[in-house]
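Down below are the structures I want you to see.
Across the two complexes that follow, subunit A remains constant while its partner is subunit B and subsequently subunit C.
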Partner chain A sequence: MGAVLAKARADGRFRLSQEQIILIVVASLFVVFSVLLDGFFTADNLLNLLRSVSSLGILSVAMAVVVIARGMDLSLVASMGVSTAIAIQLMRSELSTPEALLIGLGIVLLLGAINGFLIAFVEIPALFATLASGLLIYGVARTLVLDGLIVELPPDREFVRWLGQGVVFGIPAPIVIFAVVALVAHFLLSRTRTGRFIYAHGDNAGAAALTGIPVRPLTLIEYMIAGAIGFCGGLVMAGSVGGFNTQIIDGSLIYDVLLVVVVGGISLVGGRGGVLSVLAGTALIGVMLNGMTILNMNTHEKDIVKGLILLAALVLDNRLHPRDEETVRQGD
Partner chain B sequence: MTATVPRLRLGSRPPERNVPANETLVIKLRHLRRRIALQQVFAELFEKRWMEPAIPLALLIGVFVFFSATTPGFASQENLLSTSAELAELSLVCLGMAVVVISGGIDLSVGSMFGLCNMAVILLVTLSGLPVPVAIALGLLIGALLGSVNGSIVAYLKARPFLTTLVTLIIFRGVLNLLDLNYSAQTATVFVTDPVWEWFGTGKVAGIPFSFVTLIGVLIVGHIVLSRSRLGWHITAVGASRRAARHAGIRVERVLLISYVFSGLLCALAAIFYASRLSSASARVGEGMELTVLTAVILGGISLSGGKGTVWRAFIGAATISLLGKGLLLMNVGGEVFQTVLAAVLIVAVGLDLKWGKNRGKAIQKTYVNPTIVEYGELQDTRPGSGTPFEQNDRLVGAEAIGLGQVEGPEDVILDKQGRLYCGTRQGWILRFSGENFEHREIFARIGGHPLGLAFDAEENLVVCVAGMGLYAVTPQGEVRKLTDETNRNWLQLRDDSRLRLADDLDIAPDGKIYFSEATTRFEMADWILDGIEGRPNGRLLCYDPATGKTRTVIRNLVFPNGVCVSHDGKSLLIAQTWLCRILRFHIDGPDKGRLEVFMENFPGYLDNINRASDGAYWVALNGMRSPAYDLAMRMPTFRRRMMKRIPRDEWLYPSMNHGCVVKVSEQGEVLGTWWDPGGTAHATITSMREHGGYLYIGGLENNRIGRIKLDEAEPTASSSGRAVRSVAGSAAN
Partner chain C sequence: MSQSMVDLLDISPDQRDTRLVDLRKVTKTYRGVHAIKDIDFTLDAGEVHALVGENGAGKSTLCKILSGAVQPTSGEMFIAGERVSFRRPHDALEHGVAMVYQETSLVPTMTAAQNIELGHERLLTRFRSLNIGAQQLLMSMNFHVNPTAYVSTLGAAQKQMVEIARALRSNARIVIFDEPTATLTPEETLHLFDVINKLREAGLGIIYVSHMLEESLKIADRVTVLRDGERIVTLDAKKTTRDELVKHMVGRALTGTQTRRRSGGDGKPQRRRKVLEVENLILGNVVRNMSFSAYAGEVLGIAGLIGSGRTETAKIIAGALKRNRIHGGRVLVNGKPVRYRVPKQAIDDGIVYITEDRKADGFFETMTIAENLYLGYLASRRGRKRWLLSRRRRAEIAREWTKRLRIKAINSDAKIVELSGGNQQKVVVGKSLVADPEVVIFDEPTRGVDVGAIEEIHQMIRQLADEGKAVIVISSYLPEILAVSDRILVTRFGRAVAEFSAEEATQEKIMYAAIF
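Then we have the complex of A and B:
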């Protein structure tokens, strides 16, 4: 933690942390966009930026938890989408809102546990396990459970709608929820035993196991936490547009999430970064996406730009936190 | 030397176990039941190298048979032909993926590269006005370029292959979408009527689509490159161990780059066939293909951990997935279901691949030893004062020690005509002791392995059974020559038993043939005791004919044949069986030639070597004594199996091997006398003894010396000294 504070080095000079660099980049990008782009620096646009970015931020917090533990959840968007869609589909019946939400939460926790099981006990590398499980989850839900690709939120479900469209003291509810999720995750990661264990797991799984941390059950918990946070993000998304389009699972949202996490400074080697990194990453990606929208780029151009930035971020991350190339296992 | 090697006469063989006096049918059936070892079949099957590709092949055949039987129209000619065109494209992409996976990476961008190349080729053919061959060449170049983008990022920038190619997947897809957005309207209206283009799309060679013929060519070339060329070896080496490859001087980065370029190139080739076949310039071409290809490659048995795989495995995997997809399509199952099935198959296949790769050795090891029932007769009392023939005495206590501390494990000892003493040692040497009191020690020959049985042939060559190596001969000058290390293979069993694993003891018949025992064909020297825990007939008697240089198996399926000795009349062999505590007699000459019978049984200890005595009797070494507890354990195979599973190896119940004796038995099978070293302090495990010039020399597998005692003429068992020893060729030491 303490990432925002510059660390004094032995030679007395200050060294910027990755979060600080990102925040400086955000600020300069902000200035550049404000000057160059019409309609960027307006209250409406900024509020809109924050709101649109908050669900991405929530998902990134979820991803951060597993990436800190040297994992990866490529099924995050799939499990979020499927559980949210099922919860909303249940709301279309006479089930009460809490019941539907609990069932959705149960599903997402179960999916997280399955992922964790595949990774921790079957020992499939996280990337393979979650890539395949994401497709499997989506496939099963689409063919067996869900009625259609798009589920409409019934108008009488005020709570879910409020999550996406409500206002608290003049601040849109998604932003408030993002803040709450970030605070809770920060508390979890930095102030609880589980959080410490997650860092230990990511830093050196073998050493963590040797010191007596139950690494395998912990892996299950990490993926379940990630799933639960993702579910919150899904509800915010559903609330803000009054329904849920499961085709988003097929889209490039997961790359945005990865981008936020990697750019923010949560290294893929694990045990590094924190919620503040997510905030920095979210700010950068939010500004960038907003700028690209104002520039009127189409989805494909955006995908290419995002892909290139992500590629650069991955290479950079690898430079900053090198792995042992010689002995690295497939899927690490 | 013209006589043929005797064959075991049919129906003249005693049961390969100790038969109790009052055996009931139930006991017989129990023995029969315990003879069968399914676990052993499993262990031996999965030890085979061909077993790994055999499973995916079986799966492919299973899928084909299943859909042929259940889906009408599946096995029809049109369907198979149309499938073969699709299969060719998928297989080419799979081949590219396989090369990358073998090199230790992964390429998830294959679907996007395929789609992008498809679009590029169609644009080049329809809009650019270039001649078709040039367009095709450019298409291949584009594929190679896309691959080299992946390759350089992974190899030179050292990024993670999985995420890198996952990201290039969306970048390439984005480019493809942009092209589609800008040009789709124009490509839709152009029709290409170039003969080369049409040949690529619909051409047939002997009724088989051109793409499939090309695939076969690529497979053959790919196989040669991957398994026979330097590049292929480098790719495999880098995948198996990057560090070792680098230390071996392989340019790892370049090899990685090349493997990704291969992947891009093959994607482009597949895309050209696809483009010419369907002319579909859609942006959705190749979407989700990475999942199909990855699943196919892993299903085909190409390990994700790298360094393992062949092009055929990639093809088998592609064919399985392709037939599965086609079959499901004919069953009217939607594409989403297929994707879901693929994802599930991928998880299962990756899980199995990893678990199997990690636990294969352990699984084989755990099921390798399969105990069976070994019955013993009543255990004779050997206590001092018991009055039995095996009553313990202290005749070996005063034995002189030769080479004390200078020899390690002289399993067998022998003396030549000049009275020099030879023995094998654990280091793989033959030592020679000479001088009046054998005080001069020299290394006579260095063979390797662990020399066990020794015998001199008519030309004074020392013939040696070497554990782990086979049968060797040492000339009087100390030159080592291999006589044989293999025999005819038994085709009725899975395990290849043609190599000699544990040649144990030998003797040379009057006609010059060398008969030797192989104690077990299933265990190495270090694990010989496991054969005792198993108790199965794993050993055999072999014959090497110096005249022809051929080795033949004379009797197979013997329970640990250890000592071998030609009888005094030269017409039969005595074979001591360690775990059955009995001696067999095998007639190699005379009217009974080829008959096998029990000579003596129910010894109170485990037999080792057997030699002729000067007076027409035989010396037998007992390397350890039976105990009631272990006899009982040998009767209970499930108990021994449980013991091996549940407790660490050093706490298992083993046959006692630390206290034995020398027994003298007559030609008629009576015990004439015993020589004991109570407590086994000097001669713990007695594995051999040799009589020479009125002395008895004693060797032991674990001993640090050779013992010598003077045989007292007055001893009741030592028969009259004047008796002529029958001269048998090749038994100079007696």
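Then we have the complex of A and C:
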């Protein structure tokens, strides 16, 4: 897959953006799967596909915000999971739904601020800061706050349930929420000053600082935005299965999210790509995952495919945007 | 590890007279710009040949070519009569060319002996024999360095000794010293000269690169002066003087460059308003007791060698130094003491710093001209009021500034990376000027800029001062300093050591002040 993309790019004959190339690949995959796989092109499966892809897509939008700023949030799934689980646990008490949701949002914003602080002020590389904070968040939550592995959503909390299972004009709610999140994020990134600053930060942090952009506070904001978007994804997940299984945090979801972001064309170099890239990446990975499930591949076989795609996408990214560009300087 | 001075001294007489280095018409161009051009250079066995020249004259490029770090674009290179072309430093080492670096290239976590042996290890190393061999080598040069000491614990002079020992260990016959005395005390310098004399007696060829002219004349047999990448002259060190060298180094002044700047007006503004005042600024070893003032409506040129604390001072003023640990002194803006931690604060107070390296932290490469300029606006006080972007505002700013700065591009939606160096520089300048600053600090404003654009940028600098801004121009290029400045400050070792008015300044005076 990636090889095909690379070739298409290398040939230079296709003047297509990475998103367009991916959408073409998605379309062809879709056709191939529909023809070859029994049960792929059925209303049930397609709805299922869209629903399962929604939460992945929302999380990927969250990741995209920090990756565009040349950051990385490996604690995304952990902070999403912990804040969602706590919110749902609070719903099992007297608290009203809005109160519980606000507290969950507060927690996720705080975690984002901590990540941003570690990266911007303590100056730990984002990769390691969030790797450590992710472990810490989950560990602390499991030992001190959460009652068990699985937090069940009480049946009377209809709003959260609706987020995962509701229908709006015949469209499943998760898809609607994904669309809303994507639109809001797109607006933020492309139409607001903060969005421009995020791109500038990812393009060249040094130049951003010299231009007068408050880079360090901006970093906090980036990780808080990512956390908040992730929280939406967590609620959709919880709503669709009627509870939250914190084991997801230990799973490979974070890799799927990275896969979507990188495959979609949001370069890890920063400053490139956008919400459209996420949509393209989500479509591709969604169809792939669904096809693999129908093919009855086990987790490890899936991992092989995912790993290969991720590697191919990273190679492509590296080719398109070499990281240490050789700055040719004059002597002396 | 049997190699020692004893063996080195055993070079037979017929080998002594061989010409060790012979460069013929060596040229190196970077993207069409000459770093060095048609250089002829020779070095005989038993000779010390000094290379002098201003920053950017091509000394380092020449050394890099000799040591295999850089490949020449054209020209021929003979080492001991054999035609060579080095592809990497290892090739040069095999031909006996070793370099003693300015910033040492030793591995700090290894011992002195391990560093000396680096690259010559056998499969199995006995530490005992390693240390004994290193000890013998060091003693033969009268170096007081413990071979088992970790390099990170050694002082600058001792590190240099280890580097020299390493060069000898690899059987070097040609040793290049790049600014060897920059970090040494006077006593250590004397010791180094002893060592160099010993190497000369042993029949090695020494290339000695230094800013210090007296020193070069003292140690060298011949001196070659480079200027703007060309060899100007090669002189007998015993028969020449420092004054003569300086003349050759700056030569351009004698061919008549423009030295007055005022376009209109017939002198200084009537009443000078002090906008910026720097008092006894200290930052580690780099800036030591720097003091000066800048006035509205005036261009202050700051000349000085690289490393004399110019850029650091500017960055402290503009809050652009990453770890801003001022150890002493203060900066006053309009009489009010300030200490900026980030550039944003300085920009809000009307002080902008325009970087010397636009690729590293000047522009946003993924963005267009218009987007780059618009970001400068968004980050400024005025632009911060609105949260939503305005395409119309962006287009207005792009139109205004591409016109004012004469940025040449098909349209303002062209990607900035597609522009020439000069136009890129103009965009970077424009991005800062959008904030309407009161103090503008240019650091090497025309580095890597095409000749046509240089004059335009100079005009722009003068115009800014005419509009009443306080302008500071840091430049290593003396004609530039002379062309734009009303007042010229010379820095050396982190201090402002001399000040000239535009009328009295000449390239010679500035060079004298900058060097000694």
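What we mean here is this: the second predicted complex is superposed on the first by the 310 of 332 C-alpha atoms of A that agree within 3 Å, B and C clash if a C-alpha of one lies under 4 Å from a C-alpha of the other, contacts with A are read in each partner's own complex, and residues count from 1 in each chain.
Keep in mind that, in the parts below, contacts are C-beta pairs under 8 Å (C-beta built on N, C-alpha and C of every residue); 3 or more make two chains touch, one makes a residue touch a chain.
Note that this is a predicted model, so its numbers are computed, not measured.
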Both complexes share subunit A, so when I overlay them there, do subunit B and subunit C fit or clash? clash
Determine, under the contact definition given at the top, whether A:L127 touches first (subunit B), second (subunit C), both, or neither. first
After the superposition on A, what does A:G271 contact: first (subunit B), second (subunit C), both or neither? second
Tell me the contact category for A:I304 with respect to subunit B and subunit C: first, second, both or neither. first
With both complexes superposed on chain A, which partner does A:R142 reach: first (subunit B), second (subunit C), both or neither? first
If you tally the residues of subunit A touched by each partner, is the higher count for subunit B or for subunit C? B
With both complexes superposed on chain A, which partner does A:L314 reach: first (subunit B), second (subunit C), both or neither? first
Residue range of subunit B overlapping subunit C upon superposition on chain A, of 271-279, 613-621 or 649-657: 649-657
Mind sorting out which residues of subunit A both subunit B and subunit C touch, each in its own complex? 327-332
So in the complex, the part of subunit A that touches subunit C is made up of which residues? 191-197, 199-200, 203-204, 206-216, 271-272, 327-332
Residues of subunit C that touch subunit A when the two form their complex: 28, 30-31, 33, 35-36, 55-62, 64, 70, 320, 342-344, 347-348, 353, 355, 359-367, 371, 374-376, 378-380, 383-384, 386-389, 431-432, 435, 448
Inside the complex, what are the residues of subunit A that reach subunit B? 118, 122-125, 127-129, 132-136, 139-140, 142-143, 252, 255, 258, 268, 298-301, 303-304, 306-308, 310-311, 314-315, 318, 322-323, 325-332
Within the complex, which stretch of subunit B touches subunit A? 104-106, 153, 157-160, 162-164, 167-168, 170-171, 173-175, 177-178, 181, 242-243, 246, 291, 304-306, 334, 336-337, 339-340, 342-344, 346-347, 350-351, 354-355, 358
